[in-house]
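Following this line, the structures themselves.
Next come two complexes built around chain A: one with chain B, the other with chain C.
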Partner chain A sequence: MIDPLIHAALLMTTPILLAAIGGLVNRVGGIVNIGLESMMLTGALVAVIVSADTGSVVLALLAALVAGGIVGLLMSLVVTRLAANEIIVGLGFSVAVAGLVRFLLKSVYGVSGTFNPPGVVMLPRIDIPVIADVPILGAILSGQDPLTWFAWAMVPVTAFVLARTRLGLRLRAAGSAEMTARALGLDPLASRDASTVFAGAMSGLAGAHLSIGVVGLFNEGITGGRGFIALAAFYFGRNRPWRTALGALLFGFFEALQIRLQGRGVPAELVQMLPYLIVILVLTGLGLANRRRSGSSS
Partner chain B sequence: MSAPASRTRIGARAIVRRFGPVIANDGIDFAAAPGTIHAIVGGNGAGKSTLMRILQGVDRPDDGSVILDDREVRLTAPADAFARGIGMVHQEFMLVDELTLLENLILAREPVHAGGVIDRRKALAEAERVAAMAGVTLDWQMRVADAPVHIRQILEILRLLYRGADVLILDEPTAVLAPTQVRELIGLMRRLKAEGRTILFISHKLDEVMNAADSITVIRRGRAITTVLPGETSKAKLSEMMVGEPVELPLVHPAAPHAGVPVLAIDTLVARDGRGLPRLGPITLNLYPGEIVGIAGVAGNGQDELAAAAAGLGEIDAGSIRMDGRDITRARTGSFRDLGIAYLSADRAGDGLCLSASIRDNFIAGSEHAPAFSKSGLLRLRAIHEGARRALDTLSVRYGAMGDPVKSLSGGNQQRVAIAREFERKPRILIAAQPTRGVDIAGIAFIHRQIVAFRDAGGAVLLISEELDEILSLSDRIVGLYGGRITGELDRSDASVERVGRLMLGEKAA
Partner chain C sequence: MNSASVLALALGATSAAKAADAPAALIIAQGGLGDQSYNDLAYEGFKKAVAAAKIEGKPVESKDVVAQAADILRRASDAGFGLLVDLEYSHGEALATVAKDYPDTKYVILNQVQPGANVASVLFQEQEGSYLAGALAALVTTDTSIPGINDKPIIGVIGGTKSVGIDKFIVGYIQGAHDVNPNVEVKVAYSNNFGDPAIGLQMAKAMYDEGADIVYQVAGGTGIGVIQAAKETGHYAIGVDTDQDGLAPGSVLTSMLKRTDVAVETVVGDYAGDTFPGGKTVTLGLKENGVALSDMKYTKDKIPAATLAKVDELKAKILSGDIKVWNAVDQGYPDFFK
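== the complex of A and B ==
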């Protein structure tokens, strides 16, 4: 009973975590990326196409990563070089990419809504002998796909890079004091662009996880607002990688719980609302806590 | 670093810089020897900041040149100046609040291991090295956001040392410091000088200049008037050289003697600045109808706080403000205005005007509920337009269209819009803080006439200005402000540059 839930929770966490890590780095660099959803959607579609065409999971993941990164770069250039508002541009990308995807499916593949080409190769599962039979631990460690391992490995890596490397320091400076960074001879806009490309690439992988990691096909609603849940996760994490991972896990858990609660008498639509409701509750609680803290210090 | 043989580490030779018809630098010469503290003093608009921009490579002279190590050079960019060892600490600090002191120190010049991982041990060792050089100790892991302002300033100086600068330009460095911190800063400057570094100390606080500098160049109206040694001069002589002779403006007639009750009575008032530091008081000052009281003082001696308090914007700790005998100390800003106190702010872009809003909207700001301009919650656009046009024409404001943003106007015309707005309310008291800052000569004369006309019609004016000329030519009474306290009062007939200068420098009136 509990083991399948844990396993499902981790599976649901992976795309949120990937996108959230990307969004976190982007935010540290000075852009709140509302367009994560569009980069996820791009990655999901590209992964299915490349996987079906080549039969190679590695190529599919690479393609999703690059495609997401390109969407990220486009969005970043509009924000940093044309000084457009990042919220509007992010929303615009989310809407525009969704429309473009629908158009491509229709015009190139002649399908609408769902694209299910033959020969899609899914992400493999990594079973770990012995541990697989240990309760709970087996559900956590065994039978996960490589992207899940990658996503969790990226948490300490991101923490280290941000805190301890030249790259991370300059990104933090670019994000919080652009003028100062420039006065010291840095190029804050380039740092910012790089962080958005990273966010796009991570979101591309997140999309690939949804399409070739979970269901094996593409659907235009496949991302289901997970780009926005990722946004909530890194806000919850206050730019800290481990806290952000905790937020992603929380939302992943309720996603899994929601799936298991379906068909148990509660209307499905209400149950499906659960993860999103939790996002609102968590962010509200966070806001109240912030207010109390700033109130007591003044 | 610098060639020890050079006689001039940094200097200027006949530097000229024009902006249209305005000549900001009109042939400036100075020379700072290596290993000295060289002060550059001058009033607002004397041309100090233009000169600094040129020395830093941000701006280029139209004529003349920068001298480095006895040779004429052309600085092409700030990076060029920096490569030649010139670094500057601006009044606005260039620090990243979110980062630690150490991270700010090394930012853009990080010592790294392979793979770009920051070598923390080396960074800390370097930090300790520059700190020891300057004779200070810092908590390097503290975030800048949590660091007090004098620590931030020291960090800025240490960063210049870390990056290898040996000429340090400090722009009004003591403006943000408390007196004990000023002493510490001067100590730090002396230690750096002993290290062989050259310091350009831009200031208009003559106490500190006399105390710290090895030589002093006085700049007035774009010209270097003279360079003197502190031992050869005095604060009074310096201030006289900074100000020059007052321009005679024969438009002020002695006002009638004070009639009975003050319209504004400030009693043992104590106020803080925006950072919460005590800056003003206790001071007691009465303002009578039909007079202009000029507040003379060097910037940062409590003028801003006095203006804010009198306009109902201040952080008041103690004491009271009464208008017609009624206590308004704790009243809202709106009440001050409704009672008839008008305010021309020294900070036009901040709280004087809304620069991005239209001329029309600025004109009615604060009066948008007045029956003349609104009816049942809707603005009466035609009435507003007519009212604004009439008022602006009266003040000869030159503008394109009423809907243009105020920032499209020149400084002088912006100030006229502010005056039009304030006078439309038919005030009885005018708080005029630096009313002609950034205004050209013709505009200055016009604004002065407006202030005098207001006084002649029975209004009371509190005139706060760093321009001694302005104080001397307009005021019926002159009150000196120094260190937040009143140093003395002079009647118009007794006032002279020397006597007012002494009041500004904290010496009691004889």
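== the complex of A and C ==
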């Protein structure tokens, strides 16, 4: 009972975590990315197409990464060079990409809704001998796909790069002190664009995880609002990678839990509220704790 | 000019003489023609019916089907069609409003009831088809000679949302399962989403983990994930609405079909024959061939003949009225499913 739950929780965390790290970096660079969903959707579709055409998971992931990055770049250019409102542009991209995907599926592949080409190769699961048989630990470490490993590896990497490297410093400067950065001869808009490309690439991978990591086909609803959950996760994490990861994990865990709580006497409607309710509760708790701390220090 | 088109011309001339034979239009729902599903199926029935009735018929597709409901309906009504069959569920209220302004035009809406003397509503008895699906699943789940079946008498069903329209399927499924074997446990869960296959896959896997080996899905795109889960874990799913057996050959035990083609064919035929059921609700069940189980092209060979015969026997009992399948929409919730 507990092992499948843990395994499912991690599996459902991965796409949210990937997109949330991308969104976090993007926000540090000065853009709140509402369009993560569109980049996920692009990555999900491209991964299925390339996986089915080439039979190569590596190529599929690369293609999803590049495609997500391109959508990110386009969105970023509209925001940074045309000074458009990032919220409106982000929402616009989410709607436009969804429409474009539907159009492409219909005009190129002659299908609507679901695209299930033959020969889609899925991400492999990495089984670790010995550890696989240890309860709980085995469920956490063994049988995960490479993208899950990558997503969690990116958490310390992102923390390190943002806090300790020149690149991170420049990005933070671009986000929080654009004028100062410019006065120092930096190009904050270029940093900002780079951060959106990164967010797009990570979201593209998140989409690929859903389509060739979990389901093995593409469906126009496959992202299921996870781009917006990722948004909540990095807001929850306040731009801190580990806290953002915790936010993503909370969603993943309670989503996996609510599935297993259904049909056990608790009304389905209440169980389904659980992931969202918990996040609101945790946010409230953290807010109260922060207030108490700042209250006592002043 | 070849003889076929001469014949067509001649037929056109004779049919134009009758008042009821103004051309018919089929308003295509979201997803559009080419969806290999709901719309395509309905269009097939439409083409068959207009050919048989020798009237003119045309599909109407538009870019923004949902937002422009009243617009589309008014334009089509102005265009001189005598019959408008609307496949788009969200057009219901707009259709009732527009129908009032065009008393000489006839309208058909599916899966809901709308008022108006010139409006016919078509409902499907989904609970009857679901009953057979449940009965089949309950028979199969205890038969360990079938590959992929464990010794636990557990089956499952995943609905897209907790609502009476979905529970109508679920109640029929449970009733069918318990009628053949009261000891079969039916797990019920809702995905709260009709388009998220990843959730569907996880939910189905959770049910398979707990001993279920057959899971019925009534959840649109989410259900595609249920079928994937069946394929991945070597268990069975049951498809819904259209024939989904081919989505994962061998892993979809059967599909509970809603014969939209039969529905459209029936109403267009009635229209041409001057027996249009205006102001009435047409219900299509097993008897009218409006709902049915699929042909089980990929699974039939795995299932013992006696099991299939038992399902046919139950079908005959429903047709004869010996078995009454609970309709949650009309009758509310039964004691066995609250």
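As a working rule, the second predicted complex is superposed on the first by the 260 of 298 C-alpha atoms of A that agree within 3 Å, B and C clash if a C-alpha of one lies under 4 Å from a C-alpha of the other, contacts with A are read in each partner's own complex, and residues count from 1 in each chain.
In the analysis below, a residue touches a chain if its C-beta (ideal position, glycine included) is under 8 Å from a C-beta of that chain, and two chains touch if they have at least 3 such contacts.
Treat the numbers as computed from the prediction; the structure is a model and nothing was measured.
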Practice task
Based on the superposed arrangement, let me know which partner A:Thr114 touches: chain B (first), chain C (second), both, or neither?
Solution key: second
Exercise for the section: Answer with first, second, both or neither: which of chain B and chain C does A:Gly224 touch in the superposed model? Expected result: second
Exercise for the section: Could you look at A:Leu184 and tell me whether it touches chain B, chain C, both or neither (first, second, both, neither)? Expected result: first
Practice task
Answer with first, second, both or neither: which of chain B and chain C does A:Arg243 touch in the superposed model?
Solution key: neither
Handout entry: Which of chain B and chain C A:Ser176 touches, first, second, both or neither
Key = first
Practice task
Please indicate which partner A:Thr165 is in contact with in the superposed arrangement: first for chain B, second for chain C, both, or neither.
Solution key: first
Handout entry: Touched chain A residues, chain B compared with chain C
Key = C
Problem - chain B and chain C contact sites that coincide on chain A, given as residue numbers - result: none
Problem - chain A to chain B touching residues, read off their complex - result: 164-167, 169-170, 172-173, 175-177, 179-181, 183-186
Completion exercise
Note: in the complex, chain B contacts chain A through residues 78-79, 94-99, 103, 106-108, 110, 112, 115-118, 120
Fill in the blank from the handout: Seen from chain C, its contact residues with chain A in the complex are 31-32, 34-37, 162, 187-190, 192-199, 201-203, 205-206, 209, 221-222, 224-225, 228, 232, 247
Completion exercise
chain A residues touching chain C in their complex are 4, 8, 11-12, 15, 106, 110-114, 116, 210, 214-217, 219-222, 224, 255-256, 259-260, 262-263, 268-269, 272
